[in-house]
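One structure below.
All chains are identified by letter, namely A, B and C, in their written order; residue positions are counted from 1 within each chain.
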Amino acid sequence: MFMKRLRAGRIITGAEAGILGAAALLVVIFALASDSFLTQYNIFNLTRTQSLYMFVALSQAIMLVTGNMNLSVGAIAGLTAVTFGYTVDTLGLPWPLCIAIALGVSLATGFFNGFVMTKLGVNSFIVTLSTLFIFTGIVYGVSEGYSYRNIPAAFKTIGRGSFLGLPYLFYLMLGTLLAVWYMFRHTIFGRQLLATGSNAEAAELSGINTHRVIMGANFLSSLFAGIGGLLWVSRLGSAQPAIGENWLIISFAVAIIGGTALAGGRITALGLFAGGLIMVLIKNGLILVQANVYFEQAFLGSIILLTILLDRAREVWAKRTNRS
Amino acid sequence: MTLELSGIGKSFPGVKALDGVSTIFHPGEVHALLGENGAGKSTLIKAICGIHRADEGTIRLDGEALNLSSLGDGMAKGITIVNQEIQVFSEASIAENIMIDKLQLYRSGMGLDWQRLNRDAAAALKRVGLDLDPEAAIGDLSAAQKQLVQIAKALSRETKVLLLDEPTSSITANEVARLFALVRELRNNGITLIFVSHKLEEVLEICDRVTVLRDGHHVGTKPIAELDRDDIVEMMIGRKLRIEAFPRLETDQDTSALEVNGVSAPGLVDNASFTLRQGEVLGFYGLVGSGRTELARTLIGLYSKSAGTVSVNGEPVEIADIGEAIEKYRIGYVSENRKEDGLFLDFDIEMNMTMAMGKRLQNPITRAIDGKRQRRIAEELMSALDVRATGIEQRVGDLSGGNQQKISIAKWLAADCDILIVDEPSVGVDVGAKSMIHKLIWDLASTKGKSVIVISSDMPEIISLASRILVFKERRIVGEVPGLPEPGQSEDSVSQAIGRLMA
Amino acid sequence: MTKKWTILKTAIAGVAIASFSAFSASAEEPKFAWYASTVHPYFDEVQKGVDAFAKDTGVEVTKRLGQDWTQDNQNENVAAMAAQGFNYFSIFPSDVSGAKGLYEELAERGVTIVDFGQATQEPTPAAFYVGTQLKQAAMQATEALVKSMGGKGNIINILEVPGENTRLRREGVEEVVAKYPDVNIIQTVGDLSTIEDSVEKVQNAIAANLGKIDGMIATGYTPTVAVAELLTEYHEQGGDRIHFFGIDTDAVVLDAIRAGHIDGTLAQNPYGHGYISMALLKMMSEGFKPVEGQHAIDAGVLTVTKDNIDNFQGEISDLTKGIINSLEGEYLTK
């Protein structure tokens, strides 16, 4: 039964197989090219960075699915991190409460983005471009550029501890991806997200309240961004206002490498997993093989493009074989 | 110039769209090109103007064989098309729209000679009888004005053959008269005009000669003087009258599924009242923009109504949004634009069919989507509606038009709707599928007891399906005509009755 | 698009300057201004020096911060201030070559400028540059690192975003390493612009050379903070000792020094950057002229380790005082 469904494409679809294959290929290449690749230290840090990327990517992917985008994900992460730092360090509140407050702030940003998008009918690009500046401004207004250093040790273990040789964050990522997979496969809301992104008019004519769906996507996006920001705080050991500054490109890159359709209507949890893995593998591998530091970005871009071309080739090939 | 087609053939994967079509279009004549949806009209038009290249046959313009491989090639030879969909750059000025394809003629130094461009555009507008400022934005014009601007654009280039593809589909009667005056003038100037329409009245009024296609074949070309309406219909559908033998539906005069009283929506519908009886097929006939689709969309809560009352099964209701229309009142709406707002082309059949079920698809205990039930429903509907597909996992975008239409209807059956509004059920489906869709709609009313509203601008379709036909004009219901199954009626008498209301 | 903006903004700046010059001819008395790109802890420290100067001398100094790190933003804001009649500026140039256009326009109107923090590329209309000599500082930090490693071992050179400043720092590190035959740079990591990027890349570099690394050196602010965090975790979890020297005295970095996870950092003299640049401007407004051939004034750097971490601020104040006393004669004459 399982194998049959596997083959029928109900568990691993062709799209995911392509990206997973590319990730596996990179693993093999780097394992052969460098002795340091398969060391415990490297695997630990690789998977930890991958996990952090995953929250960055999810915060974007969930918006892309509905045919919208969120340019403010990094700013939301920074704001969440600073809120946490401010409450825990400056105000000295207990850290679980601080997490709740920080995530509350991130949800509020999601509400604001969603409100302007749906109720005021402003295009998501414009809304989140504006809020990117607004939230960043608040981050620097509150923190004045200083980091918050008094982070409770218990909180730091989330980002630093490990179980069976793999970081806690890795398990957190797996759990989150599983939940995402379940949501899109087995819940009405997940299906409504997909439908809204695939064809918003048809979704509306099918009785789906697309405004509510887009609002929900904004909540989830800001939540993922907020969690990502907090995990960076936990991993760094201090709440830096600069957290999130480089998220924008990564969020799109990982989401799209992972098979999320830019035009909406398609997402795969397994694909995102592979997309995040590819991204960290490339960056890791380039340093492991001592690539020229000044050309690094060119290598990174080329490998991303190659990965996507590989996936396109697979798609075209799959269509050909289907037809014959 | 004389345009001569000989033995034109064109195939698409799985379909022979055109097969051995030969005919001659003469200068100084308006030549109608007729056929049902899917008969090959649009493929032929595209072959003539260069968008598609024919697989077989030759096209000659005044004896010179043409080998067109793009629209631009066609234009260079003086063959121009004015599209059914009015395509304009709505942010640009009227003059820019007219001259967009010949800007190189107005080059002046580094820029454009705007004065000359606007002057020539004004002259072109005058030629089609429009007195407009060429520098005004085109977006504010009416549909008819845009249509005329398109013609002005075609005429401002050297045009020998002008194809008009359904030019009247989105304009009002007065505007049609104006358009026809222009067409006559162009004919007198010796231009070869090809007129594509499904409105036979217009064809009889304006055209000199008729060519009819059916299933990709050339049925015949005759001067209009030798034909009457019935002859044309016979040529188009292959038999005297296409009346599908649907027996009369017996409906209880007293049970109303949907009762609508004085419903208005500003700019869309004016004071509409009607009753849909239980188990009845009710027809909405009218032109695009006459208020029929607008009324339907107001009823399901997509547009908000400004006045009037609605009752479902005798109970007064206020339908706030579509979700409520579906979940609470079991009203489903099959959109006329399947691809734009009816289906999720990237999703599989299963998901499309069950999309409108909403929360009813959840397992009551786990709150998860009940996958087994979803598959069962989809498979049952697949076989019940005879959908031809490889399986419920097939992508809907890969299906034919007729099968797609079945899926858009199936969506509402899965959602358990009692009242179904089907907008233009047979647009873009081929002849065979068309009668299956008709049978499906009729069965839903007769055997499943569904109450159905069919919206159509296809007169034979609505006459044969509906027990009663409401005629729409300028946002109002202007009258009611009993449908064909009424004893003592013929299709002609029904269509004449409709025609009287439309006038 | 960007180009259009630049042109537009230059035009606005031009108009602002022109309107200022129309009535500035009569305004003879000096008006002092201090301008920095945007919010940053470094500028806070510099401002302390400026404030101290204002208090010590009774001179009124107007301080402004821009909205971002772009030169465009700086052009607009500074031009607007010039239009208000300010004629003595201490500026942190957002872009070391891009700022010259602004300076040239200001200089034509008789405005006197001193660069602080980073120097505009020469030739420049700025009268002086007060700040850290990047190459010397990098060399000083590398010497300290090599000393802490006992004069031998492998190091990783961690660089910030590519550019003129980074090139100088890289040269400084490499020149010192070349002096010690037993010290090798086993990897250079670059283009570290954000904290996340820095953490990821340094971590990858550690993984690539695990067990072979004796020391690391960072010559930029962001990578230093990242490495301080990273090595704190690394050493806490029992990793082999990796020596490290960075730059600047972010609280995170000082924490790591106190806890013994990193060896030290290089304190710059931001207080001096503020104080000295204002003192130069004031003296020039009183008729002093720069001494021929003098342009860059090294405000000094100080190696901070566990030993002097609690009193290095005092040592830096002394540096500033020494430089102020040497201004007349060495850098300025009447």
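Basically, a contact is a pair of C-beta atoms (placed from the backbone, for glycine too) under 8 Å apart; a residue touches a chain by one contact, two chains touch by 3 or more.
Given the structure is predicted, the values throughout are model-derived calculations rather than measurements.
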> From the centre of subunit A, which chain's CA centre is farthest?
Replying inline: B
> Of all the chains, which has the CA centre nearest the overall CA centre?
Replying inline: A
>> I'd like the Å distance between the centres of subunit A and subunit B, where a centre is the mean of that chain's Cα atoms.
In response: 44
> If you average the CA atoms of subunit A and of subunit C, how many Å lie between those two points?
Replying inline: 35
> Hey, how far is the Cα centre of subunit B from the one of subunit C, in Å?
Replying inline: 70
> Where does subunit A touch two or more other chains at once, residue-wise?
Replying inline: none
> What does subunit B use to touch subunit A in their complex?
Replying inline: 302, 321-323, 325-327, 333, 335, 340-347, 351, 355-356, 358-359, 361-362, 367-369, 371, 393, 411, 415
> Mind pulling up the subunit A residues that touch subunit B in the complex?
Replying inline: 8-10, 182, 185-188, 191, 194-195, 198-199, 201-209, 265-266
>> Help me check something: in the complex, which residues belonging to subunit C touch subunit A?
In response: 38-41, 44, 159, 162, 187-191, 193-197, 199-201, 203-210, 222, 225-226, 229, 232-233, 237, 250-252, 255
>> If we count contacts the way the header does, which residues on subunit A are in touch with subunit C in the complex?
In response: 34, 36, 39, 41-42, 45-46, 49, 52, 140, 144-147, 149, 160, 232, 235-238, 240, 242-243, 245-247, 280, 283-284, 287-288, 290, 293-294, 296-297
